[in-house]
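Same chain, two partners: chain A is paired with chain B first, then with chain C.
What follows is the complex of A and B.
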């Protein structure tokens, strides 16, 4: 590459690089400093360096691991349900969508609501004295479960998250399903493939990249669950619904242990980086194929 | 033309704001978005009407969300954006390193009872003028309790239920004479699953969400049993028999179904919804709930049928948690003289009458509250209860008092919801509190 072109290239990319450094680099450096400091709101401008004890504290805290397990379990379960439900809907409703595409827009509506508002909405809907669900269950069956109680909270949260975000999976998987060439399906049909066999051997393999991406996006989004969870039940009785995001929020704002909160978030960042690196590696290895 | 008018109006508005800002010499950071703000605005207007330009007050407000953390960060950073700032009893220790103590004017000693002034004291020094007080009432349905006290069949059933569930036969009493056992018996009696004739589904509604404010509501039970956070030697005493009894009172009531199943997610609003729906016979709740509950438009099912008394008595007496909001002086203020003048005025009976009439909830001495008792009858009980039954736990104003409440909320709700044994919850609370409250 000629020297002038190289210079021009660097010049053109400089604003973006400066923007990224300012937007990501500065907070990251600040986080690293806080994570190795004793720092609260009182000395937030003058943190006291203490080494890696915040990391040790987080790693030794059973509640940190409980929160990590909660988020992991929640993220995996919700992502699997949403992908399966989204895939099912995409396939079964495909003929309907082909005739009435506006139905897709209708199904996307739940995604338009802010998650925090969804949490508040269900807090009302499930409240024994003002909510419709307990009211009708009581009318019809004479009883209802404690939807937000310790035993049911996880199931309720999974249901709410699924109801709100399955349309997202549906949208991607519908596009992917619609993109499978009719010629391929026709060729398979001529070879005798029908129904389930056609779906398993033709559609599904072709949709796998989209399924993988959908699962990954939904897992990331659900793993970092905060808004709806916080407005619905908060950290839960005895911390039973504390996700990683809520753990970090509690440590930062409620306990005022900013060093611990930031160290926990840095550990989360490191874990995320490892996952992304592995996925990147897998993708790169498959690319030549 | 319309655009020109808009521009001119905007310019005039900005100019007016600028003039107001220039005139204001004492900036006061108040508690935003509620009756406290309405009260402070009226009081400031009255003060500015007679104050010299140099002493005039300008009010600023943050959002309530995260207010105390933002305030702590600003005070610690030596902000000079405000001269006078909000204080709360449970956060005194956190703020006092960055505030100046004040000398109370004689007028304020006549305005407030001694216990109320004490809600703004730390290490023997006065840090603020107490503008609002929060405490707890035992709310009950007057129609139901009147029938219980008069109906022979109900009385007999009450005795049977108390004997079966509490191991002793009790007789119904006037709520003002209740012990915690009487309250439990009443809650059991008015629970449909225990007494099919109960007109309400539940006997009470407990606030058991993992939330620090719920610990403030509950701890009146512990104090009545003799519980305290620490003894005089500074040793943590939450694993005392008093705490065990108080925790078991809630646990038993919840397990016996006297409170809704989702009570472990209930706080102020949910409890009010249950009581306001007419489906709970009693409720231990903040005094601030009374206005809405007794409003026929908002809660027609119970309005006009609500009685309030101080929380029931225990072996050590009758107590209600109290905490105050108040205003004190920022150590970094550049106009401390002006700030002192405003606070001295705010502590006078005249200022507090204005504040109370505009919606604030100050706990006032008998002589002063008499001036607003027609418009604010609730303030009469507020002052009486605060003076007679008010308490602050030993350590309740420490720098990390809020974190102590957070810890208790987590551990005690774990016990109530069945996630931990009582011993494990108390052991964790004790060790956590020892760390948080160490000198």
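What follows is the complex of A and C.
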């Protein structure tokens, strides 16, 4: 590589690099410093180093672990349902999309709505007097549960998240299914494979990388859930719907404990590195799509 | 015979999926078209006497809840955020694809950044903004929206530029064009499709962003995703549901219309972003 083009290349990535240093690098350094300091709004420029007691405080807080458990469980359940539902729809509806590609636009619409607004919309839809869902449940079954009460909040939130983001799984898996070469399918059907066997033995293995990617992307997004949860229930009855993101937000804005909030942030960062490490390990072994 | 039966079943499933998945928007739209009195007596999806009163009411209450202010904030911050993301990512993606500069760290960083919950950076950014006076400004919000979108845009550009034919650029070099000229007059025009597709997606994601809008703004720069929730907080127990529904529909309309018009580009970007990442 000639010296000049190397220099030009550096010049071209310089603006982005500077931007990332200012808005990611610097905040990360602050995160690290504040997480080992006693700090409040009054000594924000001169934090007092105190070692790892903020981390110890976060790790000793049962609410922290409840939030971590909530996020993990929420992310896993939602991702599994979305992949299964998305895969089912993608394969079953494939003949419709093949003839009329625009039909998929109607199924992509939920992704265009802000999750925060979806949360607000459900305040209306689930409202016991004016909501459409309680109205029809009452009409058809004569009863409806307290959707946002302690017993039902988790199920309600899983349903809401699933309904909004199954379209993502559907979209990715549809394009992966459509990309399976007709030749392979034809060859397999000449060998006598039909229907379910054709799907299980030919399509499914070929779609496996896409299924894995979809699962991880959905898991990551749902694990850090904040918007719809915040606008619909907040931390919920007795903190029963506190996700990791909500926990950090509360520690900072409601409790004003900067050290604790930042230490929890760093623990979340460590957790996401573990997830990334697992993903990279898995995808490196698989053939690229 | 059996084939047409299966086909009918497919249509049935499709229609059911459209209704169930879009139910929040459908139900909110229906409510926004009912009068306040009807909302209290009729919670079904059938409107007895359709009216636009709620929409009129939203714009008439600008002194207490100024929706045009929130919509403008969202529009300005999202536009700046998406355009800035493109201007930062495009040259960087070119440098990675053609000179190999930064490919070993910038691209993995961008890809992995999408897996990191951004709330981790929210608190120090808040404290930084407080020090430099960027709290509650549209530009401050736009910078964050840019940060949210840069990873996706960079991944999309990097893969699309790598796919462009090298010969045209080489011909340009032979004719004496420098890198900057090539970038502006050759590479950018050939990448218009990706630029359009990724800017639409970046705009929608920016419009829908909530966490940073909530933390970094109080009123002057509050985006509509946050402003809409103010409406509920402001009205306390006695929410005017019809007006609230109209607010939510107005806040949702811009990305929804964009999504319908550009579903093909959005779909392609989302798929490429997922698979190339």
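One rule holds in what follows: the second predicted complex is superposed on the first by the 259 of 289 C-alpha atoms of A that agree within 3 Å, B and C clash if a C-alpha of one lies under 4 Å from a C-alpha of the other, contacts with A are read in each partner's own complex, and residues count from 1 in each chain.
Here is the rule we use: a residue touches a chain if its C-beta (ideal position, glycine included) is under 8 Å from a C-beta of that chain, and two chains touch if they have at least 3 such contacts.
Note that the coordinates shown come from a computational prediction; the quantities given were computed from them, not determined experimentally.
Applying the stated contact rule after C-alpha superposition, one finds that A:254 touches chain B and leaves chain C untouched. Of the two partner chains, neither chain B nor chain C is touched by A:177.
Residue contacts after overlaying the shared chain place A:146 against chain B, while chain C stays out of touching range.
Within the superposed three-chain model, A:239 lies in touch with chain B and out of touch with chain C [touch as defined at top].
Looking at the shared chain after the overlay, A:127 reaches both chain B and chain C. Between chain B and chain C, more residues of chain A are touched by C. By the document's definition of touching, of the two partners only chain C reaches A:268; chain B does not.
Once the two complexes are laid over each other on the shared chain, residue contacts for A:44 go to chain B and to chain C alike. Contacts of A:27 after superposition: chain C is touched, whereas chain B is not reached. Under the contact criterion defined above, the residues of chain A that touch both chain B in one complex and chain C in the other are 44-45, 127, 129-130, 253. If you check the complex, the residues on chain A that touch chain C are 1, 5-6, 8-10, 12-13, 15-17, 19-20, 23-24, 26-28, 30-31, 34, 44-45, 89, 92-93, 95-96, 101-118, 120-125, 127, 129-136, 163-164, 166-168, 171-172, 175, 210, 213-214, 216-217, 220, 223-224, 226-227, 230-231, 244-245, 248-249, 252-253, 258, 261-262, 265-266, 268-269, 272, 275-276, 279, 289. Within the complex formed with chain A, the residues of chain B that make contact are 66, 69, 72-73, 76-77, 94, 97, 208-212, 260-262, 264-265, 270, 273-274, 276-277, 279, 400, 402-403, 406, 410-411, 413-420.
Within the complex, the chain C residues that touch chain A are 7, 10-11, 13-14, 17-18, 20-25, 27-28, 30-31, 39-40, 43-45, 87-89, 91-92, 94-96, 98-102, 106, 109, 112-128, 130-131, 143-144, 146-147, 150, 154, 179, 183, 204, 207-211, 214-215, 225-226, 228-229, 232, 241, 244-245, 248, 251-252, 255-256, 258-260, 263-264, 266-267, 270-271, 274-275, 277. Per the touch definition, chain A reaches chain B in the complex via residues 41-45, 126-130, 145-150, 153, 233-240, 250, 253-256.
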